[in-house]
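Next come two complexes, and both contain subunit A; in the first it sits with subunit B, in the second with subunit C.
Now for the complex of A and B:
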């Protein structure tokens, strides 16, 4: 496939992407297979994120795609006799801070939670320890500085979150720093609203409550329909994420007893353990470990 | 041909003679094994399912985890039981039903293997001493004690405790009780009959997502029961996993305010669960135009609801579909929680682990805010919200928060309970969909408006049950301590219900409403025909667009009739197979 054709097809995949595992994997695998055209395909990912006509839901999905792409590229390349050498990872990694701000534009932080999850996955794949940031993410109440609290009292807006060009940190770490700032921003905005917006006594419409109902919402805001779609998508993603959890491949000649039976047998009674029994116990256990270890996608 | 299993859920002493039980499904597996369930274990036993059926024993030891003990030991379970599992030489595996009383007579230490191949053998005594490669005995987990709410007479509470454990290849400790020689009627496990129909069906009383519910009479005993037909999806999927979960849970219940499974029946390729028949469900009852509940009656109903829920929660079961139509009420107001199609036991977690459940549970009107905001790490609190809604309904006779979808549901809740703030619910910003549904304005709590419709005590209790923050919501046992239940007037049975004409289930209510709608439409048609006037907008076009309410009532306009009740989410979760044929009058 020549680069033009590859790029055309890839763009089609990107435009029709949805957050199902199949769609994400299909797109990622296409990119990996066409690794020779990375110079064309990678910018396409950035283009779609820069496109102001693309809705925020899709941008969130693109961020998930980046997560999947990094993971697949890594897994495939790490394989013993792999012909691949980590395509896209460098490019994506360096662009991560910039990408993050495209998915969380201005004060519209709808995608905060999904970005957090994906960024956590990416960091895990790239084996970067970000536990410090994950902790910060959870400590919302102590997040804001004294100065920021004073600014809330003064009803001042939170400053725009922008790229720190001077930063020499690893781009993944930079992305985390931005994400924490975004989280702060969101938290700050809420506290400010709680403080300065006088509570209403009359009923609020859905539109007044959530800014959702109008069909033609301002750029970068979600309509109600988009929110409901997103919920369904998230549920599907969640369901799928659990489906693969328990997949254990069982070779024909592996242990003949199910784990359940095994548990029941050793758990529910006490008995003197003969040498023979003990041997059987450990052999069976060993067998399970092998079966399970063999089922991991990334070989341990 | 009809085959039935009866459970050995009496406590009348040790069974001896011929007895045999299967759990065709295997207890104690978790979701992880779905694959095995359907393909391996389950299909292998399919034959049994079709040709006969069993009556479940009561407290099933469905958890292999040790902690379970602490929650079960409330004296609800009577007698000791043990659980044998056997593996025959073919390597097939099945489990002995849970059993009351000490093990039956047999050669000392015999393992009572089951010969699963032939039913004929059921009349013979136990086949002793098969060479089992595996067996599994459970120590009795629950203290013995008098039973509660058993359908069958419970035996004396001073039954001997079973052997602590039947250890492999060790003789049993001597037992001191004389063994009855005859099997009592209550201990029959399986009945196979060639009678065309044992249960004479009267009418359909319910239509769930998974099957229909009929009122029926046992032609042998005269007993009135409810048959819940399981919807068996396509053959290739085997027995539906959701039904297995439901049956397994039902088997483990023993409480007056929770439905008990009487037996299972297989008839003409259909599988039925059989329950005690209850005249009403709460939704149906509350739509009765003449129903006048006194404060004492409301307390009587609500107390039982809380007792039943407390029992479930102690057993670490979350119901996940609390709503009026799943609460059954008999002719004097005795109440039972039903429909465990969405219920599950809570995962056992170590510190730092998160449960990760699906948030696609609970019919939308009864869904608490944390689920509407996407929580997957919830707990028992989600049921409490639902009973809070029902408490108000006992007074107002209508659902309090009637949304069409998640967005409008949350809006209804925030408008009445007020928008959450940082003080009352700081953790809300950790919920997955909070950023999408973050209130953009502040609304004051308007719940006080309900004060006029309720009493001081009930209002106070409802407010505490409907706390936005799940962590601050009352638990079931805390709710039971509330003054509402102890202050005058005291709870009192609804004896007057006996005089109430008819039986009131949501199903009949819907049918009535359907009729009413048809009448209105016919009238309209006549009007139009008479006047030849251009037609007004059809009622359909005024209906709220909603994917959740996908029964045929979604076309009723809210202004025309009361809003149709949303259905369980199961409908959207599991693809529906073709609808069964149903005669127009709802009978079979």
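Now for the complex of A and C:
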């Protein structure tokens, strides 16, 4: 396939992407198969993120695609007889901070949690320890400084989060730093809104609720339809994130069950239960015994 | 008068006598052999699908329970001769029943796969031509079978609760500090049992404990493993009390005898056979004799109580008759999962 054709096809895949495993994997595999055209295909990913007419929902999905693409490229290349040498990883990695800001533009932070999950996966694939940032993420409700709290009282907007060009940190770390700032921004905005915008108590029509047909609707704000679509998408995303919890990799060409599976997915996976967990388990079992007893006609 | 409504109570477990009564109604004597053959094939088939889809073994376990449960209330027949009614013969095809079981088991075990994806893999394994029309029809049939299955299960998803036998086996092993070799033995036994109807009679925790007691008595020190193991503390067995595991003792005993019987009759087909040497070290005889010895040792155990179950009473029990799916399409079928509620309703 020549570069033009590959790029056209790739763009079609990107425009019709949805967060199901199939769609994401199909697109990622297409990109990897056409790794020779990385110089054309990689900018296409950036183009779609830069396009202001593309919905933020789609951009969130594109970020998930980046997560899947890095993971697939890594797994496929790491294979012993692989013909691939880690395509896209370098390009995507260095563009991460800039990509992140495209998915979380201005004060629109509703992709925050999806970005967090994907960034965590990416860091795991690239074997970068980000536990420190994950902790900060969970604590950021306490992270606002005294000064910032005063600014909320004064109804001042939170400063725009921008890229620090001077930073010499690893791009993944930079991305995490930006994400933590975004998390703070989002929290700040929420507090400010609660404080300065009185809640509406009167009945609202649906149109008013979603600012339909008013100039009030700021750029990038979601319509009702988009919100419903997003709920559907997030369900898919959630399903996908669960999948990584249960997938069992078995040796190829194995017949029957293998000791490897026992080792990897049972013996090493299960630890002796803590006292509390054991208590909880046996309480559940005790409760279940009632169901069991009810199932037989005779007393057991 | 035709019945227009039904009320049934969810029963996750049936006593052995009830099972054979139900089977006598659904599987004709002439079909018993083929039923068992088919079950083995279905099991291999599902195992292959599970490998391609990378699903955990607990899904296979649940699928096999559902599959076997289906044939407690539906007649096992394969109408392959009658090509005139494709839909009907597809519905009777045990392989399609097994796919419906797998589909539902995926949902119940929270490993969700689209039916389409399952079918693509399943048809590839069987070398079926994958035509869009065929898959569409197959989808329709399997969704219909799934609905039947749901009614048989009384829509009760509590059956497997939040744990499966394989994880319970491991948790119990770790609780009593059982070594690697013995634990692997337990895990293999659990895998062998997926082929049997033991899951229709006993709850997971009692099966898990029965497996562990068997491993402690069997002392599988000659099991072929790559990992080295530490020795096993001989006192574990004496200090093992079913009450500590919240297992009703009779149910555990029932499990022990069931498992021993299974290996006495089917050892050669079992996966354990691949892992144990042909000759048992202690006895200097074939492994099967070890199971027979244990059987005679345990023969006096008090097992599941079935006093009130006799042939005449079984015949009067409507809940043990073939499932009448037409009631729900003409009138209403209701399902209850607590016996107490049922008794209140009847009063």
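Heads up, the rule we're going with is that the second predicted complex is superposed on the first by the 219 of 300 C-alpha atoms of A that agree within 3 Å, B and C clash if a C-alpha of one lies under 4 Å from a C-alpha of the other, contacts with A are read in each partner's own complex, and residues count from 1 in each chain.
Basically, a contact is a pair of C-beta atoms (placed from the backbone, for glycine too) under 8 Å apart; a residue touches a chain by one contact, two chains touch by 3 or more.
Remember, predicted model here, so these are calculated numbers, not experimental data.
Of the two partner chains placed by superposition, only subunit B is touched by A:228; subunit C is not.
Measured by the number of subunit A residues touched, the leading partner among subunit B and subunit C is B. Judged by the touch definition given at the top, the superposed model places A:78 against neither subunit B nor subunit C. In the superposition on chain A, A:239 makes contact with both subunit B and subunit C.
Of the two partner chains, neither subunit B nor subunit C is touched by A:1. Once the two complexes are overlaid on the shared chain, A:280 sits clear of subunit B and of subunit C alike. In the superposition on chain A, contact of A:149 is made with neither subunit B nor subunit C. By the touch criterion defined above, A:187 lies against subunit B but remains apart from subunit C after alignment on the C-alpha atoms of chain A. With both structures placed on the common chain, the touch criterion links A:199 to subunit B but leaves subunit C unconnected.
Once chain A of one complex is fitted onto chain A of the other, the partner contacts of A:265 extend to both subunit B and subunit C.
When the two complexes are superposed on chain A, the residues of subunit A that touch both subunit B and subunit C are 239, 242, 246, 256-257, 261, 263, 265, 267, 270-271.
For subunit C in complex with subunit A, the touching residues are 11-15, 51, 54-57, 110-112, 117, 158, 161-163, 166-167, 170-171, 174-175, 177, 180, 183-184, 187-188, 191, 203, 205, 225-227, 245-248, 250-251, 271, 274, 304-309, 337-340. Looking at the complex, you find that subunit B touches subunit A at residues 26, 28-29, 31-34, 36, 64, 85, 87, 91, 93, 134, 136-139, 165-168, 356, 358-360, 374, 376, 405-408, 410-411, 414-415, 418-419, 421-422, 426, 429-430, 432-444, 446. Looking at the complex, you find that subunit A touches subunit C at residues 22, 239, 242-243, 246-250, 254, 256-257, 259, 261-263, 265-267, 270-273, 278, 281-282, 284-286, 288-289, 291-300.
Residue ranges of subunit A in contact with subunit B, taken from their complex: 109-113, 138, 140-141, 186-187, 190-191, 193-194, 197-201, 203-206, 208-212, 222, 224, 227-228, 230-231, 234-235, 238-239, 242, 245-246, 256-258, 260-261, 263-265, 267-271.
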